[in-house]
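These are the structures, in C-alpha cells.
The same chain A turns up in both complexes below, where it pairs with chain B and then with chain C.
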Partner chain A sequence: MFFFILINNNSNKMFFLFIMFFSTLISISSNSWFGCWIGLEINLLSFIPLISNSKNLLSVETSLKYFLTQSLASINFLFMILIKFSLLKNFNMNNIISIMMNSSLLMKMGSAPFHFWFPNIVEGLSWMNNFMLMTWQKISPMILLSYYFNKNFLIFMIIMNLIIGSLGGLNQTSLRKLLAFSSINNLGWMIFSIMISENLWLFYFLIYSMMIFMMISLFFLMNMYFMNQLFINNMNFFIKLNLLINFLSLGGLPPFMGFMPKWIIIKFLLINKFYFLTFIFMMTSLIIIYYYIRIIYSSFMFNYFKMKWMNLLMKNNMLLINLSSFISISSMILSTFIFM
Partner chain B sequence: MSLLKTNVITSVKYLRSFSVLCRKSNQDHHLKKCPILFNTQRWLFWERHRKGGYDTTIKTSNWEHLKNGLVELKHELKLFAKELKELYDMDPLLIARPGEIDLLWCFNSPTVLEKFVTTCDSDHGEGYSSCTLEMSPAGRALFHGYLDTRVPKDGRIKKAGYCAMRSKMQRKSFKRASTFDWHLYNTLVLKVRGDGRAYLLNISTEGYYDITWNDIYHYILYTRGGPYWQVAKIPFSKFVLGSKGRLQDKQTRMRFDKVTHFGISCGDKIVGKFNLEIEYVGLEFDPTHDEEFAYEMYKTDKYIVAV
Partner chain C sequence: MLIYDIWFLFIYMFFLGNLIFVSKNKHLFVVLLSLEFIVLSIFFFFFVLLIFIDYDMYMLMVFLVFSVCEGSLGLSILVSMIRSYGNDYFQSFSML
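== the complex of A and B ==
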C-alpha cells in the first residue's frame, strides 16, 4: 500500500492514511458512545482527501456524494446516541433505538437496504481507494455494531444483503461495480460472524481483505476497469490462471482460501439452528460464483489483441501474481499443518 | 442572484456614460477606458438552472397534462416491461468487435429526427440566425439554415451567430433520466456530407452536480463540400473539454459511461447558409488506437491554481 503511494510521489496521502488508521482505533477503543462517533467523523474527514483527486471530474463528484451519505449516517448515529442517553435508562437491546443505531451504522458500511450509494461511489474511485473503502472503512462500523445490536433486525438485514449482493451483480459490465456487489454480499457474511463472536469476524475479515487485495492489485497493475478489457488484452496464461483462482476463492469455492471462513460460519449457523438462513447463504453464493465463472471463462476463451504497454509492467510484477496464486491455493492445506 | 442583478444595472449605466463619452471624445480614448470584461461578470460558480436560465417550458393546462399522462402511461409501462426483460436476460453487451460500427442514430426515416432538438440564437431573441433539421431529398437528415452574426441592439449581447442540434436526454421508463454507456468504444464515426464549413461536435457529460452541467467535449469537424459523402472517424482522445464554450486549462478524461447528449453546432462566424447532411452517427472500437489525449499539456508549478 505504501509502496504504491511512494510511486505516486504523494506524501500527503500518507498523512491522511495515518489519520484514517488512527480514527478507526479511536472509534473501537473508546469507552463512550461519543468517542465512537468522534472516531467515525475523523474517519470521514481523513478519507475524503484521499479520494478527491482534482485531476478527475468524476472523483470530485464521487467524494462529494460520499461525504453527503456518510455525514447523514453520522448525524443519525449521534442523534440516536443522545436519545438513548436521555430517554432510555435500561440495557434492553430489542427496541427502536437499537434499530436506528444499527441502521445508521449499516448505512456507513454500505449495507442493504442503504446500499444505493455504494456501487455508484465505487464506480468513481480508483482501485486503491476502492480497496480502502471496501476493507478498512468497514472495521469501525462493524465493531460498533457488535456493541449494541438488535438480533432480529440484523438477521433481516443479512438476508437483504445476501440477496441484493448476488442479484445486483448479474447485469454488470464494470469490474468495480461487480466487486461492489460482491462486497455487499460479503457484508452479509461478516454481519453474521460479528453476531457470533468478534474473533470469528476478525478471521473472516482478514481473509476477505487478503483476497480483495490480491484481486484489486491485479486489476490495478493491469489498469482494468471494465470487463471488455479482460478479453481484448492478450494476457499471459499465468495471469488468467491467477484471475481464475482468485475469483473462485472470493466466491468461496473449495479448495481455495476463501472457502475456509465461509465453512466455519456455516458450521456456526448450523450449530445455532439457522437452517433457512444457511439455505439463503448457500444459494446466493452460487449466484455469485455464476457471474464470476462467466467472467473467467470468457477471458480464457476470447483472445483478441496484443497491447504493448501491458506486457512491460507484467514482467516486474510476476512475483506478486505467482505469490497470490500460491497463497490462494495452498492456504487451506497449510493451515491444517498449523492447527493440527 | 441579487449580486448579479446589481452588477448588470451598474454596468448598463456605465455603458450609457461610455456612449456619451464616445460622442465627445475620439476612438482611442474609448478603447483605453473600455475594460475587457463587463456586464457578463459572474460572481458565483453556482448554477440555478440546468438550462442556464432560459425558459424552455411549454405551458399546458392541467387537463392537458392529465390527458397526455394517460397516453404516456401505456408507452412507459411497455418500456418498463422491456427493461425488466433485459434484466432477466442478464446478457449485457460485453465486447465491441473491432471493425464494426454500432450505430447510435441512422437517419433514414423522419422518426429519428424527433430525438433531436435544434437551437439557434433567434430562439430567445439573441440573434437573427435560423436553422431546421429535416429530411433531405436524398432521404437523410439535413441540418440546414442561415447563420447571421448580426448582433441585436439591446445592450446586453456582445456576440451572436450560432445554430445547434442536440440529442434529447436519454430516458428510461417513467421519464427517469439515464445516460449513454460508451465504455466499450473509443471512436465516434460520422457519415456526413457537408458544405465545406467547420462544424463543432459536442459530447455533453452532465453530471450530478451543477459544476459539471456545462461541461462539453468539443471537436471541430472540417467538412468537404461536394457531392461525395465523408466518413469521419474521430477517437475520443481528440475531444477537448470546454465549459460554457471556454476551453479549460485542466483537461480531464471523458466519462464514457455518463454521456448525456451528443450534438453538432455551427458557429464559425461566416455569414451565410449552411447545410450538413448526416447519414449516421455511430461508435466503433479501434484496438490499435492507444492515444490517451491528443493535445500537449504542460506541467505547471503548484501556485498556478486552475491547472
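== the complex of A and C ==
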C-alpha cells in the first residue's frame, strides 16, 4: 500500500537508516556511560547522510546546523562523563555534574533552553526526515536522561519546554515549524513521564509517535508544507476531517487517542502533589489546542483556490485516512477492552 | 596537591574550546578547529585518567576512532558547503 521509508531515491540511505536504528540500541543497552556516548556518536554519523544532499542549498545548511549542535552536545556529554568518573565517587543525583550531563542530553533532543536549532532544522527537512528527527532521534537521549537526572533542574526544564512549545507556535505559518513547536511541548510531557517511570515514558512515546506518524503521512501524501495549502477547494472532506481529528488528538482533547497518555501523566502529577506544574501543563495545552483549532476551523470554512489537478496518491489511499481516523477516535474505548 | 592542579588545565582547555566554538567567527573552519581542540583536551584528560588508574589504553583508542570519524564528518560537511555556496563564510546563510 505505502512504503514511506522505502520510497527513497537512493538505496544507500537504507544502509544509514539501519545503522541509525542500531545506534540507538547500542546507546540504550550499554553497560557504561562510554558505550552510551559511542551510540550517540554513531547516531550522529548515520543521520547526517540521511539528511544531506549536496545539490540542494537548503539541505546543506540544515545538515551543517544539525552537525554543529549535535557534535557539541555529544562532546560535552563525554567530558562530563569523564569528570563524573574521575571526581565523583557517589551516586547522588543532585549535583552540578548531573545538571551538565542533562544539559548536553537536552541539547541533543532539542529541548527548551537549547531548542533554537530545532525549528530551523525541521523547516529544512522533508517530511520523512522530520518524522525520524522527531520520533526516533529522541529515544536515546531520553533513556540516557532517565539513568542520571537532576529532579529540580528537570522540572525547571519541563516548565520552559511547555511554555516555549506553546507560545512559539502561535505565529507560525509553516506546518513543519508548527509540528516542531508541538514536539518541543510534548517533550515537556515526556521528560516528566521519564521522572515517574520508564514504562510510562514508553507508553507516551509510542502514542505520540503514532499520532505524529498519522499527521506526517497525511502531509506527505498531500505534499503540504505550509498552512495556505490547506485552503484547497477540491480537497476531500474526509481528509479535512482526518486533519481535524489528528490535530485535536495531538493537542490532547478527550475523546481522541492523544488524551490518554496526558490523562495518565496528570494523574501521576496529582498523586505526587505537583499542583502548580499541573496548572502549567493544562494552560499550555490550552494554548496549543487554540492554534490547532484556528488552523482547522479556517481550513473547513475557507476555500481559497481550486487546483487544476490533485495529487493522485490521495485518491488511492483513502484506506489510510479512514484507518487513522478510526484509530484516533476509538482507541480510548477499545483500550478498555484490552485491559478487561 | 599536585594531582588536582591538572584538572584545572583540562577544564580550562575544554572551556576555551567551547568559547571559541560559540563565538562569532567569519569562517566555518574555525568552528571545526575548535571542535578538534575540545577533542584534544578530552584526549589529554582521558590519557591522564587512564594512567592514574593503571588501566590499559584501549578505551582511549576507541574514543580516538570515534572522534576522528566525527571530525571527518565535519570536514565533509564543510566540503559540501563549499561546493554549493562557494565559501565557508557564516554570512552566506540565507535560507534558515
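By our rule, the second predicted complex is superposed on the first by the 329 of 340 C-alpha atoms of A that agree within 3 Å, B and C clash if a C-alpha of one lies under 4 Å from a C-alpha of the other, contacts with A are read in each partner's own complex, and residues count from 1 in each chain.
FYI, a residue touches a chain if its C-beta (ideal position, glycine included) is under 8 Å from a C-beta of that chain, and two chains touch if they have at least 3 such contacts.
Since the structure is predicted, the reported quantities are computational estimates derived from the model, not experimental observations.
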Once the shared chain is lined up, is A:F302 touching chain B (first), chain C (second), both, or neither of them?
-> first
Is A:L133 in contact with chain B, with chain C, with both, or with neither (first, second, both, neither)?
-> neither
Comparing chain C with chain B, which touches more residues belonging to chain A?
-> C
Partner chain(s) touched by A:C36 [first = chain B, second = chain C, both, neither] = neither
What is the contact status of A:I75 with respect to chain B (first) and chain C (second): first, second, both, or neither?
-> second
Which of the two partners, first being chain B and second being chain C, lies in contact with A:L170: first, second, both, or neither?
-> first
Looking at the overlay, does A:F231 come into contact with chain B only (first), chain C only (second), both, or neither?
-> first
Scan A:L218 for contacts with chain B and chain C and give back first, second, both or neither.
-> neither
Report for A:I48: first if it touches chain B alone, second if chain C alone, otherwise both or neither.
-> second
Could you look at A:L64 and tell me whether it touches chain B, chain C, both or neither (first, second, both, neither)?
-> both
Taking the contacts chain A makes with chain B in one complex and with chain C in the other, which residues are shared?
-> 54-58, 60-61, 64-65, 123
For the complex, which residues does chain B have touching chain A?
-> 86-87, 90, 92-96, 98, 183-184, 207-209, 211-212, 215, 250, 252-253, 255, 257-258, 287, 290
Given the complex, residues on chain A that touch chain C span 34, 37-38, 41-42, 44-45, 48, 52, 54-58, 60-65, 67-68, 71-72, 74-76, 78-79, 82-83, 85-87, 120-121, 123-124
For the complex, which residues does chain A have touching chain B?
-> 54-58, 60-61, 64-65, 123, 170-174, 226-228, 231-232, 298, 302, 304-305, 307-309
Touching chain A in the complex, chain C uses residues 7, 11, 14, 18, 21, 28, 31, 35, 38-39, 41-42, 45-46, 49, 59, 62-63, 66-67, 69-70, 73-74, 77, 80-81, 83-85, 93, 95-96
